[in-house]
Each structure stands twice: as structure tokens, then as C-alpha cells.
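The following pair of complexes shares a single chain, chain A, combined with chain B in the former and chain C in the latter.
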Partner chain A sequence: MAEVEDTLKRIQAQHGVIGTIVVNGEGIPIRTTLDNSTSVQYAGLLHQLTMKARSAVRDIDPQNELTFLRIRSKKHEIMVAPDKEYLLIAIQNPSE
Partner chain B sequence: MKDMSSKRPKSKEANKKKTKDKSNADNLPKPEEAVASEPGHPEYIFPLVLTSVSQELFSCRADEDVTAENPHKLLKKQDIIQDLRHRAAVCDFSPVKQAVLDYPEDELLLVFDRDFTYGQSFYLVLTVQAKESILKPPAEGADEQMEDEEQQEEEEEMMMKTPEPQPWVSLGSEQEIQDQSLSESRPRLRYSVCPLGRRSGTRVRFSDRNALDWKEELVECSSYEDKSFSITRMERDSSTQTCRDNTHTCTQTLWKKPKNMWSQYEPREFSSEEKQHQLQSENLKNFITSVARRFEIYLQQNLIADVFCDDWTALCEDDASLMGKTETQLKEYQSFMDLHFSKEKTISHVQWHPSISGVIVVSMMERLSLEERIDSSTKLLLNPSHILFWSFSDPINPQLQLECPDDVLCFQFSPSDHNIIAGGCMNGQVVLWDISAHVDRLQDTRSGGKNILNKLGKSDATPVVRYCAVSGIENGHKAPITDIQWLPETFEVNKLGTPVENQSRTSVQLVTCAPDCCVLFWDLRAPRVMVHSLTDIKQKQEEKPLENPHGVPNTFTHLNLTWKPFIRVSLPKISSSGEYSPLKFSMRENTVDYNTGDKSVSGADSHVFAQLRMQSAKQQKPLQNISTKLYIATEDGELVYTDWKVEKDNDSGRMLSAKPLDVFLLQDTLLHTVSRSPFFRDIILTVGRFSFSIWREGLTCGPLLMSVYSKSMFSAGHWSRSRPAVLFMGREDGDVEVWDLLQNSRQPSHTQNISTAAISSIRTQTSSAKQNLLAVSDRLGTLHILQIPGSLRRSSSSERQNVEKYFEKEEERLQYFEKRQSDHQKKKKETEAEQQKKKTELVTPPKQEEEVDAETLKEYQQFLTLEKLILKDMNIQNETQQTCNTINTP
Partner chain C sequence: MEIVYVYTKKRSEFGRQCNFSDRPAELHVDILPDSSLAANFTVRDPCNVTIQCADEMSEHEVNTERFESESRGINHVEGGWPKDLNPDDMEATIRYRKKVEKDEHYQNTIMQIAGLMEHCIRQNNATDIYEDFLEDEDEEDVEESEEQPSAKTINVFRDPNEVKRTATSLSWHPDGNHKLAVAYSSLEFQRAPNDMNFDSYIWDIENPNKPEMTLKPVCPLVCLEYNPKDSHILIGGSYNGQIAYWDTRKGSQPVEMSPIEFSHRDPVYKAIWLQSKTGTDIFSASTDGQVLWWDIRKMSEPTERLVMDPTKKGNIDNSLGAISLEFETTMPTKFMVGTEQGLVVSCNRKAKTPAEKIVCTYSGHHGPVYALQRNPFFPKNFLTVGDWTARIWSEDIKESSIMWTKYHIAHLLDGCWSPVRPSVFFTVKMDGTLDVWDILFKQNDPTLCLKVCDEALYSIKVQDNGRFLACGSQLGTTTLLEISSGLCSLQKNEKALVSEMFERETKREKILEARHREMRLKERSRSEQSREDEMKETDGEESVEELVARAEKEFFHIIENERMKERNEEKDKDQEKGVCEEKDFQEEHETNGVSSFVRTEISL
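Our next item is the complex of A and B:
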């Protein structure tokens, strides 16, 4: 438990990180540093996107699998680390 | 079959023959060889002996019917068969009976073989092919030639020749097609049916009948399944496409059973206990630890390199700055000089029309000193001064003239309504013009003179617009008004100087200043007092039709001659008595956020100023975040920073303004320009005679930048509107200088002489997006329009940041200096204090000399013992015994 906390804190403390969210397999946020509505929105949308990306990678090559997803937008970068059961999402604004 | 050579043109028959020959030759051994190799004969040749009887019967007697030259004879098959029947075994043809019967054609070939090539005198050809080939021997046909040809054609086989179209050889396939195709077996039958006795041409009457009612009269031919009918479908069109397996997914919903319709109003969330429970799970821990490392790497990656930097645009900007070095000249675009009105006059103020591009407004003033004015005052009254509107389309005649009661030193367009112009005169009056009637003319000319016909119709004389309203002489300033500005439409100021919400969303208030040591606030609306008296209103209504002799629009008749300011801000000096005499002032640009929903709460047409009323104190809503501070440039070279709010003095009941917050003494001569940078709200430029300086609002230590004192005097200064670091300066000798703060802050980056007289003002165009024109006016009354080159127009994206950084550095420098100063002061105090202390301290007695000697000797002895020990340890004491002794004796 403490390890989890430490790791999450470390990620959050990186320069430019706006927020981190841990999401379960159904798209429900478990632990977040953002406010509730924003994290629910991020979790739902990115959960769907991750599933789509994962199935795309699998379709192309069945032996391949999705390891990381980075979405770079004009204002910041959203990083998603998928797993069988969980999702870790971080939003970073690197130009700060 | 070998391809026929195109070199030897032969008839197709010959070709065919040849191929047949070839095939014969290929398939069967050559006749000569056959003859040579075996004593027998080829299979298709059957040697026969024909008795004379047979010969006569078939009319092929030797040497009579058939000769050596003509050895062939065609015998009918029927005849042979008949003969066979007649004579059975005796017939000569009996050995070939079967062959004859099998022979497909009607005629057989009998050849007279004179030379007995096949052993007998006749031979019968048994196959059709052979018959044909023998009957039609090849032309010029020596077998040797055929051989040669064969060989040559074998050689040529290697070269590919384009196949020529051959006639179609039937191989029996058309039989099938004929079986399949449908053809008419008999001609079609045609029937014509007509009832008996029906006369043609009679009227036919149709009527409806229900089919179900009259079942007897109906004959139905409905379709039925015929059991005897069977057609098996041989072909069927079908297609397939692969598709994915269906997957069901859901996010943040609780989809227990698959239903087609599902409504959910909120996303599913976990309660805090559930969250805690989840966080405890082992899986989560593993997941996080496995993923964290990767995450950190990627997060750092973004920091190492700027991911959002667009290299392409950054590249082109750098290029532009390199190229722009050649074009720093300000090119003259046009110059305006009016012959009637600009003689002996100078331009006091220049302003671009804020909305109509290409129209520039100039105020003319007499070029006389005070004494001369007094002398020629009568003359001046007869020649009123004007404000001229110039348009680029017509450089000779001004478009519009505004008549002024006296020389106008400064004027401004109202920011909310560009048809209203306020000006300040020499005699301290504030003047208002309304040019709404003539705006069309201005816009027309701007459109490039499209309506040439209209122009001819119009009178050539420039229309003269008289002023709408003037302030009362006793109420206004006592000195010429040197600066006038409108308050923006976002807020207005009440009697105490507090900014309040502006209900009408138009600019209704003006601020003016003059060297009579006060700053006045004026309001365009009628004061509330006037509303109450009905008789007044009636009188006004009656008077209205008479009161317009000059055709002046009555926008401001309520103000005319009775206008007075509602706030008077005086500027008492900080340290001494007396007041500052302002020349120019600058307000902070304040923006106020209003809801876009409530526009013009007053409802009615807010341009009709006569109907607008000043608000009562209760209705006014005070606004925060508006800075009420002014920077004022004075005649004595001081920059005064003060607040315009007035307080009611309890003793005398009068309004008093507070003392200024800050005063900076810059020069001994007057400061003639104070202006804010259009890019930074708190950066102020002040231009005096000999130098200019840049200040930051709120920073009291000193200016951020002060230019070096120069010999020739500055007469005008202006910020560039497109580049944050560029200033335009005008000099007394007619030079225009371009200062680029990022390049060199000690000298101008570019100087250009525009005219011979001093520059009176410089203005950049604000209305057009291109912003490439600079208006420069000089003391001789000429207005020059210059084009700003691209390098001075285009700013790079980092320029603003660079300028900010520059200013911040300067600020730090100032603060550092201040700190050093204060430190220095402190230190000075401290040293003085110490000195004081030292003087009063007692002197401590010096130590006894003998004691000191004893101590040093003891120490020396200790040192020697230590040295001995060390040397002993190192086993070199014996060797250095002597050296020790020598050391011992100092």
C-alpha cells in the first residue's frame, strides 16, 4: 500500500505533471489527484480509447500487444499505461 | 506446326498445303526414304495390279487413260464397291475392300505407277490427305527445297514473330454452341383477333366491377408448383465478406444483462471504501511497480526536448530577420499640404481615423508666439482655424473641415462612436464635433472614387462642419488645453472619482489637462438637475427649430456653452507648496469584464446623448480592478504619478485631491510626451527635450532606461504598434529616428531626414491590419505619410518575451543598485559606530616580553623531541645524527 502511494507520489512530483489517475478495468477511477468530474471524464474516454488501441494492435499482429499510449496535443501530453486489469493515466504539460 | 515465314509470300492455300506437307513429312517418313528404307510402301499407298478388264471397267487403261504425265485417276467409290460385289474375289480391289469401304469420300485416287515405285503398275491412295497431297503437288516443289526451307525455318523459330491472324479452323466447338442457341424452327405465326360484328368507332363505356362479386365470370390463371418441372440451378451469385467477432464493451456502466436499450444518468463511481479496498490489492501493486519506471522515463523525455516547438515556423522567422537588413528605409508614400489653409500654420496634432482606413485628421494651428498672437488677435478672430480630414485618394483637397472656435492643440475620436470628436483649444475650451452627416463622403472617397459621376455632381468645395458644442469659458481651463483623452466605454467615473459601471456602454466622459495645474473630468450627458423643470423642456422644444442656422447637428445642444467639468483634480506639489503644471497625461488601460448578455441596459438609443442622464449615486455600481492612477508630464520636467480620486474635505466641504504618490525629476526642460506601450500596460515612455526614458509603473527607483543626452532636441516620440521593441522619435532638425531596444539602446538603429522643420508629431496607423504607414507632421504644416518597411513591421514571436526579459533585467539592475545603496548606507553607519566604539574602549596591557620568550622556547623543545621520535621510527637517526646536531645549534 505504501509502495503504491510512494510510486504515485513520485510520478506526480515530476516536473510538469498536472494529474494522475488510476483506473480499474471497467473505467472507474480508483485513485486520482484531479477533481472528481474531470477524472471521471478522463477515465471513461481513455478507457475506451485504450481498448480500441489494444484491439488494433492485436488485430495487426496477434502476437503483439499494447504497452504504452501517448497522446500529444497542443497543450499537453496524456500518457496511458495499460494493463490487464488497470490503467494508469498521467497528464503532463512539459513546456512549463 | 511451324510458323510460316513472312519473307516468302505465298498464298494461303500454298501455306496450308505446305503445312500439310510438313505434317505429312514430319509425321510420316518421306516417300523417298520410305522407298529406300523398306521394300514395302507407306500405309496409305496400296500397290495394285489391275487386269485389263478392270482397267477397261474403270477407264484407266495404261498408257491410254492414264499416262506418265497424267498418272492420276479418280475412281468413284460406288463403282469400286459395285465391282467388288460383282466379281467378289476376282476383283482386283478385294485386298483393299475394307479400306475402300472405310474411305470417307466418294472418289479414290488411283495412280498409274509407270516406274513401279511401289512394286506394281498402279497404286491406290487410301487416305484423303495423301490423295490431296499427291493431286496437288507443291509448286516448284522439289523436296530438297522443302528441306532447306524446313531447316531455315527451324533456325528462324528462335526469332519471335508476331502471329498473324489465321483463318478460323473449325474443331467442332461450334456444334455445342448451335445446340445451345435458340433459333426459330418455323416462321412466326401472326393472328389477328377481332370480335364479329363490332363496329369500329363506337363509344366504349367502361365500368368498374368487383372481382370478388363476380367469381363466375372470372378465369384465374394463378401460378402453381408444377411437380414435373425441374430445372437445377447451375449457377448462383453469392458473395462473402469477413467480419470481426462481435465484442461487447462498456465503460463506467453496470451492464448486467445484454439489452438493446440502456439509460444511465451518471457514470458509475466507487465509494471511498471500495477505493481503499482496491488500492490494497496485490495486483494493483504489481501493476504500478511494473509501469512506474517506464512512466518516469517518458515524463523526463518530454522535459529534455521541447515537444511543442514548431521548427518550421521558427525557421522562417529567423530568415526574415536576416533578410530585413536591407530594407530599413522609411519610404515616402504621400504628403499632404493644403495651400489655402496650411500657409503659415503648423500642425499641432495628427490622428488617424480609427475606422476608415486611409483617412487622416490634422489640426492646424497658427505658428505664432504669444506676443505675436496678442498683436494679431483681431486678425486671428476673422480667420478661424480648422481641423482637416485628408484622404489618400485626394492629395490636394481635404475631404472635410471642422471649424474650431480657436486653435486646437489636441483632439481625439470617441472610442465608441467614431463620428464624435472632442478637441481642446488654446483658450481652454473643450469643443465637440459630430460628423455623422459627412461620414458617407469620407467612406466614398476611400472606396477609390468608384462613383465618379457622383463626384462631378457634388460641389467641389470641402464641406465645413461647425462645432456642436463648446464648454463655457469660465468653467474650463484657464490655459491652453494640451491633452485630451476619452475614458473607455467600459467604465465611468462618479463625482468622487471612483470608477463605476457604465450602463450605456458608450464613452461619455473626457479627461483634459492644461498647464493651469489641474486635470478636469467632463461628462457628455446632461446633468440631472435639468430634467426637473418642465418649462425648461418646453422652451427648449420651441427653440429647437430656430437654433440651427449653421446646420449643426443637435447632438450636444444640451451642453453648449454651459458645459462644465464635474471633477477637478489639482496637483499639489509633494514637498513644496504650489502645483504641478501638466502638459500630457497617460492613464492605464483598464479592461472590465462585463457579461455579454447585458448590453445597453439603458435600452434606448445610446447615441442620443441628450437623453442620457447621469446616474444617481445609488444606481451606480462601483468597479474593482480599475486603476485610477495617472502619469503626468509637467512643464518643469517632472513625471508625476498621482491618483485622480478626490476626497471630500470635512472642514471646508470642498473636494480635495490627494498629494501625488510619486514625483520624478527628469530634466529641467519640459516633458512633452507621455505614452504607454501598446504591448505592456505598465511600461511608459517619456520624452523630454534632450532625452527620453522608459519607466515601469510602480517602480519608484528610477527609469528602466534612460537615453543618452543628445545635442539635437527631441520633439516627438511614439511607440511602434507592431513591434514591442521599436520606438519612433522625431527631432528638431526634421529627422525621424527608429530606435530598436533589442538591438542597441544607446543610439537609434536608423535615422532619416524627412523635412527641414521640426517634427511635431508621429503617429502609426491603427485602423488597418497591415499597419505599415507612419504619419509624420512637421512645423511647416506638411503631413508626410511614410511606409514602414517590413523589418520594422513584422515582429517575431519571441520579441515580446525578449523585451519583457530586457525590462525585467533592467528592473533587477535598479533594484540591485538600490539594495547596494542601502547596504552601503548600512555599512557606513556600522563603520561609524565601530569607530565610535573603538575610541571609547580601554587599551589592554601588552604581554610581558620574557614570558613570550619562555613560551616560544618551550614550544621549540617540544618540536625537537617530536622530530627525534619520528626519525627514530624511520631508522635514520644514526645517519642524520650529525644533521640533528647541526640543527640543534641555531
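Our next item is the complex of A and C:
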């Protein structure tokens, strides 16, 4: 439990990270550093996107699977680490 | 009115068969026209009747059943919560969340994916992969495009007269470079035909069919120059030694000409404008051995006179014929004269006595120095073109040139530097070829060799932008060429590289010069010790004939050795060849300067 806390804190403390969200299989943000409405929005949208990306990778090569998803936008980068049940979302501003 | 005709039939006759009979027509009623009725009507003339020759169509309207649509939006509210949980209930949600967090599976999963996430975040922080890396490289590629150096002919201006004359001198218009002044004359001694036209022309580049303006001198012009400060004034040096100047606004006749008594005695080969406050000073050079200074406002006599006597005595009999002049506006006190004898004389304008005027001489050419120009970027180095080579000199080294081209088959007749690139210069040859040399690229051969025409090319001038050049030929054909951009755009580091190259060569020559001097000193001191009196006499006053005899002896000696070598080779190769054939073969091998003496030796 404490390790999880530490890890998440460490991620949040990295340079440029704006926020982190942990989402479960139903789309509920379990742990978030952003406000509720934003978290819910991110959770809902990215969940669907991750599903789509996963199925796309599987369709192309059934042996393959999605390990990570990065969306680079003008303002920041959204990183999604998917798992069978949970989703870890981090938003980072990478410009140095 | 009613007209009634009654047909009757008896009842008893009903049903009987019809009995037809003929009878003539009976007039029953005759209705005559009643003209009073015409009052009820008016005549309509014309009658408008519309007719159309088209398909007959009919218009129809149909209305479908109405399709009704409605816009609707769905708003997703938090979902996913288990059924029994009310999402608005803060406590319940927190409790649920805490429960999930305590799940072990959750913790394991989070540890795993958090590791991955951290790696990616750190990666982002380490380098910005979307940075513009290749911005600068693209620009460089464009500059260094590997295009072959090339030149193409844009226009050809032919001498419109029947009797063709040589285009001996070209001058570009100082502003705008749209006009080219060409001087025509025949340089062959006394070979000018009687009906040769004396005119020189100013051509507009765009119009090769007809010259824009004609200049009518009294005698054909050998050289022609635009005044760099005033583009309407031109000076021309003519074949009979006179100098004339034209103003293009005033017409084709010269405004003023120098009087024959005070002009040169030989054709004026070069006349250049000087830099002065009034902008009216010129100086001219001719093979009669004089360099004269003039002010064009007063052409009645030259303002100054210098005799090209290398012994500095002002003796005109000893003087060297001047055939080219060089003046650089950045060095207004110095000027250089190229002579017919192959010497380049450097002079000082400001010297008081004529003896001091001639500063030093540079010898190196075997024939007349046809062109002389300082490098526009490195004025200490200058280019000379004469005999079969072009040479680059440094002012400090007087014994020899620092760089030179190989000996060509044809004579080089003119040359000039490119005004935009310090390492590029152009030369024209007697066989009608134009050579473009880039000394940074290749020193042994020209970078580009173009055959412009079949006859000899006598003059070449590059435009100030370095891109266009004009060359004039023996039959009066002036060709305008455009060279590729690689040859007229300054490369990076070019100036530094060229200056390094010149310095290197200058240093080499300096070392050689020092060595030569040492050797000469040693020899002199040695011979002085052994035979003082005799050496003094022969050194100072060894006559010309003796020198010539010595040279001849050495020459024959060398030729004999060569012939011996060849004779032996021939004998080895083919023993059956007759002696005469052998001798003929050897004669062909001998070089150009074979004198009659050698010929008699062979017959012996």
C-alpha cells in the first residue's frame, strides 16, 4: 500500500507532470490528482480510446498486444498505461 | 332567323323500300351578305398568333410525406458505480475507492504499469524527440547542390558589315548592365581592306539584330571604355594613336579628339578611366612606348607622359611597347603596365621624376602581356595573360609568378577575374575556346572549357554581377554567355581559402627567390676569387652576340642528344627503314623554334 503511494507520488513529482489518474475497469477514477469532473472526462474518453487501440493492435497481429499509448498534442502529452482491469493515465508537459 | 325545311312522309309508307331518283339541285335558301352587320365588327390587322415548336409539357407538383428529425444530446454523468451506490454521496464514493485501493491485485497492477509510465515520463524529460533537427541541413543541401559547372550562350551579336572586323575590346555599361560597347578594328598589320567600316557599336543585350547606337570615329577603335561614373561618356583609343571621347547623348560623332601631333605613334591598345574628383581623367597606353595621361575636357595635349624605359632614363628608343594597363581604384597611386616584350612594369603615379615613376618589373611571359588585372578581392595578387599561359603574381615576388597554368596549344589572348568569386578567372584562346578556371577546385586544368566559335577570341569582359560575360571574336561576333550559379555565387570560406593559397604560393616563391639569391652570391664570390679581372669584363660587358652564340651551342647540344636517343630507339624498333625516313621522323619531333642553322646541319 505504501509502495503504491510512493510510486504514484514519485510519478506526480516528475518534471512536467500535470496530473495522474488511476481508472478501474468500469471507468471510475480511483486515484486522481486532478478535480473530479476533469478526471471523469479523461477516464471516460481515454478508456474508449484504449479499447479501440487495443483491438486495433490485436486485429493486425493477434500475437501482439498494446503495452502503452501516447497521445502527443500541442499543449501536452497524455500517456496511458493499460492493463486488463485498470488504467494509469498521466498528463505531462514535455517542453523543456 | 330560322330556316326550316320540312320533310314529310305518309304513315302508310313507313317501312317501304327506298326508291332513289335523281333530280337537280334545288336552292332552298339564299342568304345574301348584309353589310350593315359589318358595323358590329372591326378589322384587326395584324393578327398576333403565337406558335411554338416544342414538346408539350405539363407541370406537376408532388409532395412527399414529411420526415421529421430531432436533435438530441446525451450527457454522460458519472457512471460505473455499483448499483447500490449513489455517486453524489461523497462518503460512499470515498469508501468504495478505499476498498479498491486495498485490493492486492490493484496494487500489483499499479506497480507494474507505474514502472512503465515512469520510464516514459523520464524519456520525455530527457529529450524532446519532436525538436526540429534538420532545419539547418536543408538549407545547406540547397547551397551545395552538386551541379556541374556550365555556361550557355544567351545571345550572339554579329558585325552587321560585309567586311568583318575583329571585336578587339568590350565594355559593359556601368549601371544596369544592359548595354555593351564593342570596339571593332583590324589588328593585322596593313591587312585592313580598303572598304572596311570604321564604326564601333553599342549593343542592347536584348536586341542582337541591330546595334543600339553607332560610334563613328575617324579611324577604327582598338579599345573602348565606359566612364564608370558617368554612363553617357565613353573613351576610345584608335588605331592611329588618337584618343577620342563620345557622349551618347550628343550623337555618333566624337565630342573631341586628341591632336595627331601629341597622340601616340602606334595604335592605342588600352585606355582606362582614372579616379579623380572631376571624373574626367584617363590614361592610355600604346606600343610606341608611352603612357599618356589626358583630361577629356582639354584634349589638345596630354597632361602627363611616361616613357616605358626599363633603364629609367626616359629614352624612347629603349622603351617597351605597352599593350595593357591596370588601375585599381582602391590603390590610386599605383598602376601597372603590361608590355609587348613580356614584362609587367609597376609604376607609381605620384613620383616626381620619371625615373622614380617606374618602381619594379615582373618578367615571366615570352610574349606580349595581353591582359593584366588585379584580383578584386586580393589586390596584392594580379593575373597576367600572355603567350600560352596565364599567370598569377604576388606584388612582393618579382622574380616569378606564384601560380601559373600549363602551356596551352593555342595563344591566350585575353583574361579577367570574376568580380564575385576570388578564385575564378576566365581566359580566351586563339582557337576560339573560353576557359573558366577555379583555382580552389582544380589548378592544372580549367574547370570548364567551352568552344565558343571557330575563330580566335580576342576579348572577354565579365559583367559586374559575375553571371554574364561577353567575348568578342576575330570575325566581330560577340557572344553573351551565362555561367551556372555555382561559378558565380561565393562559397563559404572561399575568401579564406584563396588567401591561404596565395600566401602559401607567395611563401614558396619567396623561399625560392632567397635560395637563388644565395646561389648567385656564392657563384659570384667564387668566380671573383679565381679570375677577378676577366670575370669583371665578361660579367659587365659580355656582348649580345656571345650570349646568343652560347645559347645556340647549348640548344644544338640538347637537340643532338635528343636525336641520338631517338635514332637508337628507331634502330631498335625497325631496322629496315631507310635513312631518309628516319631523318624526316626526327625533324618532325623537333620543337617549333627550329632555325635554319639546324636544317643545314641535318643535310650535312
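In the analysis below, the second predicted complex is superposed on the first by the 95 of 96 C-alpha atoms of A that agree within 3 Å, B and C clash if a C-alpha of one lies under 4 Å from a C-alpha of the other, contacts with A are read in each partner's own complex, and residues count from 1 in each chain.
Operating definition for what follows: a residue touches a chain if its C-beta (ideal position, glycine included) is under 8 Å from a C-beta of that chain, and two chains touch if they have at least 3 such contacts.
Quick caveat: nothing in here was measured; it's all calculated off a predicted structure.
Once the two complexes are laid over each other on the shared chain, residue contacts for A:Q48 go to chain B alone; chain C is not touched.
Legend: residue contacts after superposition of the two complexes on their common chain; A:Y86 is shown touching both chain B and chain C. In the superposition on chain A, A:R72 makes contact with both chain B and chain C. Legend: residue contacts after superposition of the two complexes on their common chain; A:V57 is shown touching neither chain B nor chain C.
Of the two partner chains placed by superposition, chain B and chain C are both touched by A:E3.
Once chain A of one complex is fitted onto chain A of the other, the partner contacts of A:Q14 extend to both chain B and chain C. Residues 1, 3-4, 7-8, 10-11, 14-17, 22, 24, 26-28, 30-31, 40, 44, 67-68, 70, 72, 77, 79, 81, 83, 85-86, 88, 90, 92, 94-95 of chain A touch chain B in one complex and chain C in the other.
Those residues of chain A that touch chain C in the complex are listed here as 1, 3-4, 7-8, 10-11, 14-17, 22, 24, 26-28, 30-31, 40, 44, 67-68, 70, 72, 77, 79, 81-86, 88, 90, 92, 94-96. Listing the residues of chain A that touch chain B in their complex gives 1, 3-4, 7-8, 10-11, 14-17, 22, 24, 26-31, 36, 40, 43-44, 47-48, 51, 55, 67-68, 70, 72, 74, 77, 79, 81, 83, 85-86, 88, 90, 92, 94-95.
Here chain B touches chain A in the complex through residues 247, 249-252, 267-270, 275, 278-280, 283-285, 287-292, 294-296, 298-300, 302-303, 306-308, going by the rule given at the top. Per the touch definition, chain C reaches chain A in the complex via residues 76, 78-81, 96-97, 100-102, 105-107, 109-118, 120-122, 124-125, 128, 130.
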